[in-house]
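The following pair of complexes shares a single chain, chain A, combined with chain B in the former and chain C in the latter.
So, the complex of A and B:
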């Protein structure tokens, strides 16, 4: 038995799709403006069968994973030191804050000028966006550690290594995951923007290709894939957040 | 005495970091890279900014066009987002039916919608405003939702014991209690709205800060590119701070609570 909430959600989605299908079939003669869901699905199938889908999806995922994983390592490392040592925080803060406040879209042209139109520039875009978000949140987590835990660490005479890995980092973990969640959404935007601007593979490229050739079923397929990617990564991170920090109420969206 | 010297050293650390970073940037640009299409010195950027602001004054039309789109998008997002957020908070049925669509729209990278909107509306003002709107509406909606939902039960009970009608319960208690949340949502929306402006102006615009940046990027005109990016950053920071001030003014009791 499904919960009431889930049942209503499913009803809403199916009713919406059915309405979309019926309206587009009845009212529109050509599919240029809004293709019905059935033809979007057919295009999705065709793209999958020709292997095009695989190529673009893998390119974007590869860029994303490379950038994200390096950003996690660097972000946590820098964030840790920013939280631990005030002088380091003071030195880094003006630059990190500036980087953080520039809209994602505005610095993509720089990255492309400096690192070319290949995959490297996209990896760097993802890296920059995620690393800054994780850095700021890790630093906040390390700074806001509960002093009783530090006292505990002292009274147990933990050595600095244990102090770092058993007390400070676990305490900052929920903050780190929040940083990752904030980073994911922006990084996804960044990678798509970079691919739109200059690339030869990836979902952003597909989006540009579809919109320039007025191929609206393909355009909608791309939007659908991006929605899937966004929702997938968001749910994954949210699950991780709930698991790592069950005492914190996480955002519903 | 020792301690105060040390304090001065600590507070100087930030400006020193900024200054030495700029010097490093200048050295890198003039001695190492030495290629105006890759990196220019901060001095050149400042000179260009001065020129665009006071000499040729050609920054203003772009600034004006972008602010206009931004403002319209923000206002539309507030007008639409706040009532929907309230409705979702007050009625579980509305929430359950709207939720899946909202999650889908919210988690999809916004740029994916830009080509679709341009397909529907063309490249005129309406399309740009809608793109900005899509960026801003969710933080506002979500914050209104939370604001309305977390209104303390005590407030509502006070209202009930004064036998307020439903209308005045809403106007006198629920609405004022959720104002700080709505303003926090607006604050979050500023950054997303600016990104929306840049995206909107990238696709087929002839003026605006986004246009300026993309034009400069494609013609490798780095001074203008730097100026454009800096203006974006400054606008983001200003908008954020402005809304923080408004937040303090609109809900003075929060600050009092903090002081106590």
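So, the complex of A and C:
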């Protein structure tokens, strides 16, 4: 049985769709302005049938997953050392501050010049955005560790490896996940911007294509897919957070 | 009878203060603790009791003086796990279950099977079997302190150092925990150094009560507790208990006055 919250949410969505369908049919003669849900659905079906949907969705997903996963590894690694060693933090700080403050729109043209309009440039955009977020948050988590846990580690004579993997990294985990969550949202924007500017596949490419051909149903489909992807990745991160840090359900610390 | 388990000789800890005389936390502490003895240290706030325990455990180096364990001098390079430290706050790792928290000191030292058996044994000893898979946030303060104790005992230390472990508990829970500690000590016969503010707690639990002076802390006096074991709360009305409590309190009062009076606490 669906929960009460979910049921209300679904009813709300269907009511909204019905209203949207009725209003567009009654009031608008030109589908270009706002297409009714039925024609959005039809377009979605057509895109799926021709394999276009798969191609573009998979391209964006692939870029996203590649960039995100490498960003996790590099971000946690660098963040850990930045948190542990002040000198490394000082060395990295100006570069990260610069990278962090360059708006993604200004950054993309260079990446495209250097890496072309294919997937690699998008992977790099996703990587840059996410890695910085994860790095900064991991470093903060490592720095802010509760000193009594370090005393505990010393008192139990844990070796350096145990100290890292059993005390410091798990302690920083909530920060790391926060970094990932921030990264996901920004990287989503980044990859779409990059695809809008120059690409031969991906949802951003589809968006530009639809916009240039005045194909509003297709535009709508793309926007919906983007929304779905965003929601999906957030849900995944949230699930991962609950799995990795179950004590955070009720404990606030 | 062999020599003492732990012996402190002229142990001193001071911290440098920029451009001034160093700040002396405790000075020339001499103390020896026998096998299976339960020793409490009481003293005015800020007399350096907790720092002493940290130095003994090697969490910070002494400024001078020596620490001997079983006649062997401990140096900074010594990295054997020979002491169990029970922290004031339970300091449990929130991402580990009770069992895994107790396992922390055993991991990599024993086979997984032996380690788990030991951890379960000590959880059982502190009365928490059935709570192996609970996370700390799901347990009360008293239960968290029990795990804290089990974690320190699980590594089978030569000596157990307890730093005001019951200070954060409410009065009722605290009394129960004192009785539990009496029982657990009776069962394990560990050598214990117990730091507390509470004179009655020190007398109830210990074989010997050490009174520390105000800062810089040193051993002012020590009293054997002439009460038979096993003990229960009844001994609190024993005249020897009451007399000892008064004597110790007088001394602490003097120390507090010498340090500048109650208002400075």
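Here, the second predicted complex is superposed on the first by the 236 of 253 C-alpha atoms of A that agree within 3 Å, B and C clash if a C-alpha of one lies under 4 Å from a C-alpha of the other, contacts with A are read in each partner's own complex, and residues count from 1 in each chain.
Keep in mind that, in the parts below, contacts are C-beta pairs under 8 Å (C-beta built on N, C-alpha and C of every residue); 3 or more make two chains touch, one makes a residue touch a chain.
In this text the structure is predicted, and so the values were computed from the model without any measurement.
Counting touched residues of chain A, say whether chain B or chain C comes out ahead.
Looking at chain A, the partner in contact with more of its residues is B.
Where does A:231 make contact in the superposed view: on chain B (first), on chain C (second), on both, or on neither?
first
Using the superposition on chain A described above, determine whether A:159 touches chain B (first), chain C (second), both, or neither.
second
Could you look at A:11 and tell me whether it touches chain B, chain C, both or neither (first, second, both, neither)?
first
Who does A:55 touch here: chain B (first), chain C (second), both, or neither?
Neither partner.
Looking at the overlay, does A:216 come into contact with chain B only (first), chain C only (second), both, or neither?
The answer is first: A:216 touches chain B but not chain C.
Considering only the touch criterion stated at the top, classify A:143 as touching first (chain B), second (chain C), both, or neither.
So A:143 meets neither chain B nor chain C here.
Given the touch rule stated above, what does A:107 touch, chain B (first), chain C (second), both, or neither?
First partner only, chain B.
Residues of chain A that sit at the chain B interface in one complex and at the chain C interface in the other, please.
After superposing on chain A, chain A residues 251, 253 contact both chain B and chain C.
Report the residues of chain A in contact with chain C in the complex, numbered from low to high.
146, 148-149, 151-152, 154-159, 162, 166-167, 170-171, 173, 245-247, 250-251, 253
Using the touch definition from the top, list the residues of chain A that touch chain B in their complex.
The touching residues are 4-5, 8-13, 16, 32-34, 86-87, 90-95, 98, 101-107, 109-110, 112-114, 185, 188-189, 192-193, 196-197, 204, 207-208, 210-211, 214, 216, 219-220, 222-223, 226-227, 230-231, 234, 251-253.
Contact residues on chain B for chain A in the complex?
Interface residues on chain B, with respect to chain A: 10, 13-14, 17-18, 21, 37-38, 93, 96-104, 106-113, 115-116, 118-120, 138, 142, 191, 194-195, 198-199, 202, 210, 213-214, 216-218, 220, 222, 225, 228-229, 232-233, 236-237, 240.
Once bound in the complex, which stretches of chain C touch chain A?
Answer in residue numbers: 54, 57-59, 79-81, 83, 85, 87, 89, 91, 93-95, 104-105, 107-108, 135-138, 155.
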